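Chain naming follows the written order as A, B and C, and within any one chain the residues start at number 1.
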Amino acid sequence: MLKQKKTRYLFMVPAMLIYCAVVVAPALYSLFLSLFKWNGLGKMTFVGLTNYVNLFTKDQVFRIALKNNLIWIILTIVFTMTLALLLAVLLNRKFRGRVVYRAIFYFPYMLSWVVIGIVWRWIYNPNIGFLDELLHFLHLEHLSIVWLSEPKIALYCVFIAALWQGIGQPMLYFLAGLQGVPKELYEAAEVDGANKAALFFHITIPQLKETFVIVFATLTIASMKVYDVVYVMTNGGPVNSTQTLASYMYSQTFSYTNLGTGSAIASIMMLIMMVIIVPYVLYSTKED
Amino acid sequence: MKQKTVNQIALYTGLTLLALIWLIPVITVMFTSVKSSADFFSGMGLFELPEELQWRNYRNAWVEGRLGLYLKNGLIVCFIKVPLSVLFASLLAFALTRLGIKHSRSLFIFVLVGMMLPQQIALIPLNLVYSRLHLTNTYLCLILTYIGFGIPLATMVFRGFFAGLPKELDEAARIDGCGNLRLYATIIMPLSKPAIASAVIMDFLYTWNEFMLQSVLITNDSMKTVPNGLLSFFGEFTVDYGLLNAGVLISILPVFLIYLMFQKYFVSGIAGAVKG
Amino acid sequence: MKKNGLCLLLALALMLGLFAGCSNNQQGDEPSAPPAKTDEPATPPADNEPADPAAGEVTLTFWTPTWRQAAEEPIIADFMEKYPNIKIETTFMSSDDIKANTKIAASSNTLPDMWYNWGGVLADFFAQNDLCLDLTDYAAGHDWNNRFLAGALEQVAYEDKMVGLPQNLVGIVMFYRADIFQQYNLTVPTTLEELEAVCDTLLANGIIPMSTYGNAMMRTHEALLEYYAGEEEHDSLLSLKTDWSQSEAVTKSFAKLKEWIDKGYFPSTVLTEDANSSTMLVYTGSAAMIMENPGMSSAIYANGYNPEDYAWFVFPTGTGRISAYAKLCQFNANITDEKLEAAMLFWDYYYSQESITAHDAIEQPTATIGVELPENYALADGMLEAISENGSFTVMDLKVAPEVMSQYFATCEAVILGTITPDAAGAEIQAAVESYLANQ
C-alpha cells in the first residue's frame, strides 16, 4: 500500500509537465506583459495597472466587447446547453436511425469557419438569402431586413449561426455522460411508478452532474473566447456592435502592436471565466 | 402500446424537422462545391444545381490545393498526438479522481484554467522558445503544443466520467490486490469507452482544425496541415467558392470517419456496473 | 535587447528539461543563429551573371501571400532551374497571417530573408524598428530611378529610408459597364455633378449606380474627402496634423456619402456585402460602377466576361489625384551580401519581360518601367500613366494607423446607418486620433 501511495503522483507527471510548459508558462508571461507598455520589440516600459485602468475607463470598444461576451455566455447557456441536452436525451433512446440523426447534428461542428461564414452570410443576404425566401413564402415580407446590418440584432444573428455550428460538441458530452448512468436506476424508479418527467429531473439531471461541469465550463470558455464566427460574418461591425474581447485582443496585439493592452484583455478574459466557472466547479464536485 | 407508437411518431417528426433545419446550410455547402465561379456570377440561387456539375472542383482542390500532402501531415500529427493526449489526460484524471490525492479539486481547477488562455496570446512566447530551441518546422513542436492545449479538455472529459463510476469498483479491486496501474488499465479504462470515444473525437477535431499556432510554428510549406492548405483558395479580395467548399468537404473526411468509428461507443447506458 | 522576463525563463527551463530526452529528432534547416552583422552597404553585384557558382548554395527564405501561390510557384521553379545554386524556400500565408506572423517573427528574431508587404504604415513598422534593410544605397547604386516608376518609389519611402523593393503600383479607379452606359446614352463624368447625374439616370432605370462593400466604402469616401478638402488638407488630415473635428471637408464628405446612401446610389446591403458579392452585382448588370483596383481587369477576364463591356475612369476628385499604394518586398536587416545579391537576381528575373511573358498570372501592373501588360490585364492599360499624370495620395488605411482606422470604419458605418450625423463624425475620429497620439 505504501508503494501505491508513492507512485500515485507519477500518474500526473506527463500531463502536468507538458501542460505547464506549453500553457501555464505563456499564461503567466501574458499576465506579466499586461503590466508593461511594449510593441513586441525594443524597450518594455513598466506601467503598472495602467493598461487595465485605461480599458475600463477610456475604451468604448472594450466595453461593448465585454457586454457582448456576457450576452453571448447567457445565450449559450440558455439555448445551446438546453438544446444539446434535449437532443442527447432524445438521441440516447433506442430507435432506428439515431446514428444518422446524431451525425447530422454533429456535422456542422466539423466544418471550417471560413465556409460557415460564407454560407451564413448568404442565408442572411436579402437578395439571395434563404431566410427571406422563407419569409416571403410565409407572407411575412414586411419583416425582411438586412439582417447583419442592424446593430441591434446583428449579434443575435451571428449567435444563431454559432448555435447551429456548436450544438454537436455539448451533445456529444451529454451522450457520453448518459452512457455512465446505470440502467438499474431507471428500472428501479419505473417500478416505483415514476413518470418520464420525474425520471428526467430526479435521475438523469443529478446523474449528469459531472457532465454539466464539462459542458458548462467548455461553453462558458468558448463564449468568452468567441472570435472566428464573428470575424467571418461581421468582422465586429456594424459600428462595433458585434465586437468581442477576443477579436479586440487580436487587434490590439497584432494590428496595433500594443502587446501590453492585448495581454491585459487576455488576463481580464481569464479572470472573468474563473469567476464564473470556479464556484460552479467547486460546488458541483463537492464530495458527498 | 398505442401511447408508445404515438410517442415514436412525435419523436421522429420533431427530430426530422430539426434535422432538416440543420441540413439546409450543409446542403448549401454541398451544392456550392459543384458550382463554377461563373455559376455564382450568373446569380444562380443557393438551392439550384448547375446543369453541368463541376466535379473537377474536387480534383482541383486535391491537386492544385495539394490537399494530399496536407492531409498526410495532418494525419501524422493526429495519429501521434491524439493517443498520447488521451493517455496522459486519462492518467491525470485517474489520479485526480481515484487515488485520494490531496487538493485534487484545486489541481483540477488549475488544469481548467489552461483552457481559458486565449491561444493568440501564447503565440509570441511559444515562437520565441521554439525558435531558440530550433524546434520550429518540426512535427515535435506541433505535437507538444497541441498536447498541452488539448490536455485540459480531455482531462475534464475523463474526470467527469471517472467521477461517475462507483467507488465500489475500486474497493473490490483493491481487495483482489490490484495496484494503481492495474486498476487504471484493467478496470477503469475498459468501462470508459464512451469517455474515450468523446475525447478522441474532440481531440482529433481540435488537432485537425487548429491553424493559428500552426501558421506561426510551421513556415515550411511541405510541413503544413490542412487548414492552412485551404487558405490557398482565397484571392487577395475574392474566393473561389466552389473550390473552397469542395476542399473543405474533402478535408473533413478523416474527422468524419473518426467520428463514425468512435460514435458506436455511445450505446444507451452501462449495465451491471453497480452490483449491490 | 529583448527582456524576456522571469516567466519565459521558467518556460524555457521547463521545456528544455522536457526536450532533453527527445531533442535529436528532426532537426530541420530552419533559420539558425542570426548571421554576423554587416553594417557596410551591399557591394554592387554583377547584374547579368549568375552568382559565382564557387560561392556555393544560397538559400533564401521568403514569405508571400497565398493569393500569389499560383503565380509565384512557377516563377520560383523557373528561377531555380536557371540559377541552380540559389534555393528559395517559400511560405505562402493568408493576408491576415502574413501581417501577424511577420510581427511575431520580429519579436523572436525569426524574420525570413524577404517578405511581402502592402506598404504604408504596415511596412513602416519594420523600418521604424530597423528590422528591414534600408535600400537607399542599393537603389542609388543600381539605377532604380530608371527601373521603377517614380510613383512607386515614392510609396516605398519612409522618412529617409527606402523600405522595400516595389512590386506593384496599385491605383483605385471607377470601373463601369460600358454597355450599360451606352444603353442609356451616358458619358464618362468629369465632375462630381456629372457623376451624380449619371447615377440619377441609372437609378431611374432601376440600376444600382455604384456597388461597393463594407470597408471598401472608404474608397468612395476618401475620394469625396479629396474633393472637399483638396490636396493639402487631405494630406494633412491623413498625417493626423489637421484636426478632423474642425474640418469642414470631413463633415461635407460624410454628408455627401450619407446623401448618396439615402438616394440609393449604393446597394441597400452595402454593409454586409463582401468583395465577391459586390463585384457580382456589376457582372450581372444589377449595378453599373464599382471603385476597384486593377485586379478587376484580370477578374473580368478570368471569369469569362467580355472585357469590351467594361472600362474605367478616374473618380472626379477635383484635384484629379488617384488613391494609390505600392505592394512591395522587404528584406531582412541582417541579410548577408551574398543573400541580398541572390534575392535581387530573383526580383530581376521575376519582373523581366521574359518572365512576364511566360507567367501571365503575375499581378499587374507592375512597378517596373517598360513592361508590357499581358492580355488578361489589357483593361488596366493607362492606369499607371493616369497615376503619374494626375498624382496620387496614399490609400487611407495604409496611411493612417490601424487604431484610428478602426474608429474611422465604425464612424463610417454609423453615418451610413444614420446613428450619428455627418457633423459628429469628425469629432469621433479625432478622439481616436488623440488617443493614438497620446499612446505614442
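Operating definition for what follows: a residue touches a chain if its C-beta (ideal position, glycine included) is under 8 Å from a C-beta of that chain, and two chains touch if they have at least 3 such contacts.
Everything numeric in this text was worked out from a predicted model, so none of it was measured.
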Which pair wins on C-beta contacts, A-B or A-C?
A-B
Would you kindly say which chain has the C-alpha centre located farthest from the C-alpha centre of chain B?
C
List the centre-to-centre spacing of chain A and chain C in whole Å, with centres computed as mean CA coordinates.
36
With chain centres defined as C-alpha means, what is the inter-centre distance between chain A and chain B in Å?
15
Multi-partner residues in chain C (2 or more other chains touched) are 7-8, 11, 15, 18, 100, 104, 107
Each of the following residues of chain B touches two or more other chains, namely 43, 124-125, 144, 239, 241
Residue numbers of chain A (touch at least two other chains)
18, 21-22, 25-26, 29, 40, 254
Touching chain A in the complex: which residues of chain B?
8, 11-12, 14-15, 18-19, 22-26, 28-29, 32, 43, 45-47, 87-89, 91-92, 94-96, 99-101, 105, 107-109, 111-118, 120-122, 124-126, 144-145, 147-149, 151-153, 155-157, 159-161, 163-165, 179-181, 184, 193-195, 197-198, 201-202, 205, 209, 227, 230, 239, 241, 244-245, 248, 251-252, 255-256, 259-260, 263-271, 273-274
Which of the residues in chain B end up touching chain C in this complex?
37-38, 40-43, 64, 123-125, 127-129, 131-140, 144, 215-216, 219-221, 228, 231-232, 234-239, 241
Once bound in the complex, which stretches of chain C touch chain B?
4, 7-8, 11-12, 15-16, 18-19, 22-23, 25-28, 30-32, 61, 63, 65-67, 69-70, 89-95, 97, 100-101, 104-105, 107-110, 112, 275-276, 279-280, 283-284, 295, 299, 303-305
Spell out the residues on chain C that touch chain A in their complex, using ranges where they run on.
2-3, 5-8, 10-11, 14-15, 17-18, 99-100, 103-104, 106-107, 125, 129, 131, 214, 268-272, 274, 277, 401-403, 406, 409-410, 413-414, 417, 419, 435, 439
Can you tell me which positions in chain A touch chain C when the two form their complex?
17-18, 20-22, 25-26, 28-29, 31-33, 39-42, 44, 58, 61, 121, 124-127, 146-149, 151, 234-235, 237-240, 251, 254-258
